[in-house]
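Each in structure tokens, the structures are laid out below.
You will see two complexes here that share chain A, one where it goes with chain B and one where it goes with chain C.
Right after this comes the complex of A and B.
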């Protein structure tokens, strides 16, 4: 009786031995920041002694869940984000939703990223503990933000610094892997452009990549790992990167360029004409595909087949 | 005595069309069949009708197209399965080699194809919205209790077309009711509808496209005089409605079949028209997408499969499944040691 009463008391008042600390499980939604800073968060949190848990890959189920629980006006990736977040709530001790304001100096991120942690706390993750940190690379270098995140988690300075270093090197390696081509090596080269969280998501880009691969194309995706491009009139970092990539294409570098956009993306809809005009000036075959939650596979297949046909026609 | 021919079959959302051509390209038989939602039956009915109207043809090659091309391809044993954009363009270029813009408006799809120097250089297709397609006209005609032919003829009588909001079928309907209530004559309302469809088509499907003359207009809706008139008035230039305008997809498919150089056709012959073909659906459990796969069977034989996001079920049952690279997983790829 006495023993049981004090069983869980701390050692200093004479309880049983202190239980080994249980590692904190931290949930990372497989959307937005997961793809913008690939491999960084898993590596960083793991090195801090936590257990990173990433939500599953996007499937039809994720889309259906997103449509049910998310705001109807949100863009499709935001709906997917909410579904990924919901998958983690209840499974982990914390969910990690950073406030990504700027990822490149003097450039802005999508304005929807700003309120993301607040929206999570108020909505999908209201029954969970949301861990967040402001990422504003215009004001603060990413490594310093990671140090701050370490302090938020009461990690000794040295350990956080080492974890940040390791995380950033893991991120560089992941960027390199994400830039590797898919499909048939040596086949006609196609470049996919779009936001990183679109191009690498199973639901949003998977069918397009696989269709092109089945048609024996070599599929490249724009990389966001290399150096930040020069400033232009476009202040959104992803769009500016795409704009520079388009302008720097060498003639014949790619057989065709496919831009993947998502339904209800404000940045995309404002800039798609700019990109279309730039591609026309370049003389590179270009197609714009918009993915929404209803798009049938056959509609997608028809467009891709016809695009490849038109290239063969031109030769 | 049997004459060689090539078949093109276009299974669209509203109609199933079949064209048989001689190796030289001249049309031997053209069939337009308004569908009743049973694509397999429609394809088989077309084949039976072909047998009646043009007996003694020896089929040397078959190409299917349209949104039902995979299913139709399995039923008839197609040598080529082609997307409808390429099929339409092939037929148009055959009849009008100097074409520079192709408008195609069907039951659920509308497309624009930009052609320069005999090659397709750009195209665009409508998104999920049906406001710029034939089904828009169908639903409005049904609401007015007239046939689509009466809508076409009525619109041509209009002297003073009214403006109807055509952004969306729902808005168009309420706007149309309003115009009726304030006393606009029916021909003016019908022509207003035609203008609404054309305005919608030009603003959405043709956005950002350079529309140069000669313009060829085809697809089921090209039979509608009111729409042709609306195009002429909006664009201020003539548009050409080709000879086989209702069946251009099937015609193009037949031309593609004839040019592919098929040695031994996979055409199932008599079996294609007469055997009972059934479909069976099942859910693929290989990944969490749980795609619905349709298996097409002739008796015990699996003659084809459709459906599935990843495409591994595509093609006929016996064939090997194509291997595809998955989108790599960042986490599974591991992280480097420090």
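Right after this comes the complex of A and C.
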């Protein structure tokens, strides 16, 4: 009876043994926000004493699953996102789907990111608890958004602040890591441009990067870690960063620029034309490759080989 | 006389043309994109851009070929591709070596570049604004009546005939008073159409992307197709409502978006962009108002509208309202749309019959 009376009291005054709190398992789909803010989420959640669970790398199976369960007219990354999300549902206590409205001050994100958490709740993750936070850097800096996320998870203020600090430094390191060139050092240098979640995804960019590396090229992927780009008519943040980067290329810096795009990407459909024009003015060889669900490696290989061959002739 | 091409926004083009005409410029417009213009646009535009851009571009190319010097286009400040339309269209027209010059309309201060260029006096500037406002009001009234009358008309095509006649009269009005007179006769003119009042037509709401809700060529005349099958439609894009919203934002700093967010509450907590929030909110509201179904129209790959489609599916399940999702691209054929709409109408009719049998209202 005595024990029952002090059920919630600490053990030293005779209360029941409080079970050690089970760490919350938070699922992070390996798409969109995972690549836009690399390493941030895992570090942040881990520091808060939770267990981050990142979905597996994209494979052909992921694509197949995405094609089955996702909205037919979504762009390919969005289908992959749905597949990654489905992989996590049932495995974790919360799935983390932030609403990325803007990643750079006075810029906008792809309009598809806005309804993402709502769409997850409505469809794929309807049986799971969706953890979401609005990331709108036009209004709130990322640090404060992280603090808010900490409050949502009922963590002490100072702990969340420390986790945010650690997470952001981990993100900066990850950005630097992701910008490191691949392939053979000293080979002809190629710049891969495209959205971060395209360039670093195993299914979408993997084959292209590998092929270029096999052909002894030095592959640089555009980095999204550096400062905010100059303002232009483009308000989509990633697109403006790409635009800024290709506008500020030094002559002869790269042997060629390869734009990697995905089927049904709205941003790219509008801006590839602008990028091509800018590259033409600069006289930099430019090619755009579109990845879709039906990936046969040979088609991609042929185009890359032809591109590299034609550059070799030009030299 | 200077000519200016006006984008096609369905019957509202009549009102825009009137406003432009009062500035002493000759409007070049039609109430629907022509298939030829669409073809021109499809050929000139990058292949994966959305269909409204191709329609706009084609319209301007056709205008240039007809010797029109200027064109008018709505500026957007939204999140979707519409924002980049003008920039892209100007680039493409330049590449094609066309001389047509495009003016943006709206969000450019009180005096849009068009007005700055032609610089009419304040009275010549304000008068057409009020006149166009009156015409938009008249067109809204006409459309509302046409949606209600068409499914129950006795003589096939009578509503369309009356509607077209009224629009023609409206387009000939030169003064505000004349337009107002036409507007006042609207109700009585529609009342002359012989109808079967005992019919209880199915009610369907149209939501989705603006150009598809309004451009009769792009949407394959969906209002007519549905009305013809005995379905009363309500189109959720009304220019009058849109302008009132802009006025509210400017004057009272109040956005209709907030109301819609309240309605969409659990389902969608952001405005997305375009009219995606409207699509979700109106679908929920229509389910509560007892509509029989919804039709969601969007160009293939439309960023905001496709983004909310999973949400619409959930709304459809939760609120028990069938939602037909139609995507359009340049290959969409009107026969395909007709077939799908007929099938949809059959489903709705059957559903209503079954519900009546088990006594669900």
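Just so we're on the same page, the second predicted complex is superposed on the first by the 298 of 315 C-alpha atoms of A that agree within 3 Å, B and C clash if a C-alpha of one lies under 4 Å from a C-alpha of the other, contacts with A are read in each partner's own complex, and residues count from 1 in each chain.
Just so it is clear, a contact is a pair of C-beta atoms (placed from the backbone, for glycine too) under 8 Å apart; a residue touches a chain by one contact, two chains touch by 3 or more.
The structure presented is a predicted model; accordingly, all values stated were derived computationally and were not measured.
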Fit-or-clash call for chain B and chain C when the two complexes are aligned on chain A: fit
Between chain B and chain C, more extensive residue contact with chain A: B
Which superposed partner A:60 touches (first chain B, second chain C, both, neither): first
First, second, both or neither for A:165, with chain B first and chain C second: first
Which of chain B and chain C A:207 touches, first, second, both or neither: first
Touching partner for A:292 - first (chain B), second (chain C), both, neither: first
Contacts of A:115 with chain B and chain C, given as first, second, both or neither: second
First, second, both or neither for A:149, with chain B first and chain C second: neither
First (chain B), second (chain C), both or neither touched by A:123: second
Which of chain B and chain C A:266 touches, first, second, both or neither: second
Once both complexes are placed on the shared chain, angle at chain A toward chain B and chain C, C-alpha, multiple of 10 degrees: 80
Lowest inter-chain C-alpha distance for chain C and chain B in the superposed arrangement, angstrom: 5
Shared contact residues on chain A - chain B and chain C: 273
Touching residues (chain side chain B, partner chain A) in the complex: 67, 70, 82-86, 119-123, 125, 127-128, 208, 287-291, 307-311, 322, 324-331, 333, 335-336, 338
Chain A to chain C touching residues, read off their complex: 71, 73-75, 99, 101, 108-112, 114-119, 122-124, 126, 134, 233-235, 264-274, 277
Residues on chain C engaged by chain A in the complex (per definition of touch): 46, 48-50, 78-81, 83-84, 87-88, 91, 267-274, 276, 300-304, 306-311, 313-315, 327
Residues of chain A that touch chain B when the two form their complex: 34-35, 38-39, 42-43, 46, 54, 56-57, 59-61, 162, 165-166, 169-170, 173-174, 177-178, 180, 182-183, 200-202, 205-207, 209-211, 213-214, 273, 276, 285, 290, 292, 294-295, 297-299, 301-303, 305-307, 309-310, 313-314
